[in-house]
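Think of it as A, B, C and D in the order they're written, each chain with its own count starting at 1.
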């Protein structure tokens, strides 16, 4: 049985999670096939530490994405892997006091060597110092990320790949990460002046210029909200699929059903959207696997 | 990409939900391949209303299962579908006051006609009255279900299929269902005397006779607990995979990790077990799809 | 600030969990105050092991309850505590292999000595053998529980207290517990014949005889469903409050909002009901504490 | 029964959610009593729209807090309420297409008039234009917020109250909010240059200067992470209590147990911390109510 066939059978149930996976495959297939879509992928949660770097890179290579909006953490770990450093299979059942003594930090059941962050810091400092001082003033987060991406040699780095493929990387909460701390630390002694408004402008412009907007949302957080917010001036996005493990009842945006976004003009009234409640590391490969049975590649219209 | 290949890539992440799906595919493949396993499938939650009847039937046909332990509700809806009646795609966003006025009952986003239950009741009464009175005394739940299963004509009925394939159907909480209400109602005026101890004996005997025990657990509840409890006299089951959307923190068994069962001698110390946190309607087809790429069929050893 | 004042402030928010707690206090207060209510408390999850035995006993003493519908596990642990045995503060972070070697079983972060269950078994056998053989035939679960409750000496036992206060104890899934295993084991060699239909009759009769029905639901499972099902012939209960940590999206009854029950005629169209999403060990003492600021005692109308 | 007594009884269970509430009351009481603590309150989720503005203001008035780290959304809604505009009791069961046509936006079951955001925008523009141009260059988010807070007349505004009480307001993701959009919009035509590094410096300095650090975490997100991250150079905070409804299994920080933070040097090895899994609108008033029975007021040591 192909993944496409599985998705069709799941859609045929029409109900519960299975039905939603089936619908999500339809919506993402449309987004990835139709050239009139400007597509955003938003990433929260430890998707890069969990090994989803190659999958994201593949989506970039196939021309499916126009922008990635991510937490700083996923970029931090992308750079770490680009240095040849690794994430390890760990366990939830561990004494964190002992773990740090042995030199490891933990994300759920993923371990990472604390020394990786020192290597990261040195690399980031080196890269930053290579940027001409004039270019380090009034710079957008996304431009700085693009400059770093160009200096990364690892072909599998999302930051590198996105840069050379002209896929924008936005990270509105970048400073709230270890990579962000490195930037801050550098800025204490060297010239580095970030303009936090620039990326709002860039995202709003991308949204305003788009014929249609599609969003694939992994896990909520600022990446979800900021992407939807950027489209508010055009009355919302046209297609959206979110995978979240959070709940709606407490009112946080990460667990809120997408329908709520209609009342904020963040999703168009006539838009299609699907809420998948589950673990993105389970649901994403299933959805993308089925989409790839239908859509292989997309020639993006690069207006810029 | 095949489902097997997808499962292997998910396993290669080793972490979070993806890693667990990969491990679950390995464990279920072993259970379904190895003839020395006596396999239990436990079902809670509306899997039959959600359209998983054919999948369960397929598992029976392929010889993978030795017993099914289920809520009475799933049997209720199996009989309803065997009468040519249907479950409908509904919606979570509905006014239940209006829904019942229009003659529908609701399970999440699944609708079912209230009249189905009257049809069910008539059929069950008819079937019961065909059973010789002598056989209606001191009867085990599973024996009664087997007699009903034999009378069902629909080849796709789980109850029917399990009966003719000699797969036991246990339903310890059977009376807590609409099918159970029909039995109770019949017993008010006709002879019907159930012995609730008999199935405990049968389940314990199956467990004691088994060389190895494998359990695939969908959704917790009495089906999960009763199956694990029945193996306590042999120091627990050997393999277990559970798919649950419940949480561990409040202490209910449905959300408890399987490791906890080791401390109750319900899983053997050397046993393998995997907790998958997610929606069974998403995770089960993914797991079974990958397992079927590896294991096609099993000749069960029918000792009885 | 009194608990009543706190509940009123929470209700004044009108929204999210706080608003629901406030409404729950109102509904439970009405149920506990108004003599025309027949009140059911349903218990799933380890409430007795978690130390809620005295609170339940207090509700019995104050005349608030007419019936308790519980898992067998909570009765198992009630009897264990009545033998002077204890539940211990444990931890989620423990190796269950080592734990059982040290003689402990685990419920979430609660530990219990495995030897307790042997003591339980001996006591149950002793109690059962004291019941005249004639009374051990065709007996309802609730009648058997009542006989055991009468033999328990511990004044704090729920089973004892309920029996002497004429509060019915129903446990439809009783055999799916360690106490149930003791009954089953006894029945292998001695006379003990349970009639599982009798309690359905008793619960339906209680429902039909009730002027109004109120249900306080802790944690779902068979206790929730069976209680609501028993009222289906009178078009549902009048008041219901549920505290659950499960989710609605996967369709299991334990996480389903009470509104769904209207479409099954398990809650009356004009009924009042409140869904509280949270941990019952947190929400219950808060709700009951506030209710007790308003209602101290109720003279039950004992018709029987 | 007092709230303090309730919390003590809950703690006496030692287990599950009740035990954790009891411990949380102890830890927060210590944080609020001991003058050597520098206390951070972090807020994610719609706590201000849900009506918790007065409670937060009360915590400021009593001297318990040294800094609040919040999403931009809570500040947005604080300013909206300070304009005399309101949040309304809504419903989860609503057609968002119709809702927005009637001029309302929705946060879970909370409604807010869309016109409120126009009023907000006008006010913010007016306030911003009152700030001397020289002060609008290279300004920290927190300094800008402080200037706005000073201009707000409503005594109940958190932003106002924090400013006059010298409690820092940090909002690292400020631009990802409607208030943030107003700032961005203003900056398109007027002088406004934000320095995003400044607040990292301020937070790190607060952490380094603190004798002890206590954190009360509502709901995760950037506020949680940024506060813990800021203390990494001093090997972590000393006390932390988090209330979250998210799950740990998918690896997102919002659902991660605090123990994990030890492996990141964000909580000290000898630190005390408590994870409360539940709805903050339920658990927070319960915890704070009990704390106030023990601690009435604190004289903060204002070093600055």
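The criterion applied here is as follows: contacts are C-beta pairs under 8 Å (C-beta built on N, C-alpha and C of every residue); 3 or more make two chains touch, one makes a residue touch a chain.
The structure displayed is predicted, hence computed values, not measured ones.
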Which pair, A-D or B-D, has more C-beta contacts? A-D
By CA centroid distance, what chain is farthest from chain D? B
Comparing which residue numbers chain A and chain B contribute to their contact, where sharing over half means same and under half means different, the two sides are same
Report the inter-chain centroid distance for chain B and chain D in whole angstrom, where each centroid is the mean of the CA atoms. 46
Chain A to chain B: how many Å between their CA centres? 38
Between chain A and chain D, what is the separation of their C-alpha centroids in Å? 26
Listing for chain C: what residues touch at least two other chains? 15-17, 46, 49-50, 108-110, 247, 249-251, 277, 279-281
Looking at which chains touch which, would you call it a line, ring, star, complete or other? complete
Which of the residues in chain B come into contact with chain A in the complex? 1-3, 6, 9-10, 12-19, 21, 46, 49-52, 87, 89-90, 108-110, 276-283, 285-286, 289, 292-293
The answer for chain C against chain A in the complex is residues 15-17, 93, 95, 247, 249-251, 277
State the interface residues of chain B toward chain C in the complex, per the touch definition above. 44-46, 49-50, 73, 92, 96-97, 99-100, 104-110, 172-173, 175-178, 180-181, 183-184, 187-188, 192-197, 200-201, 219, 221-222, 225-226, 229, 232, 245-256, 259-265, 269, 279-281
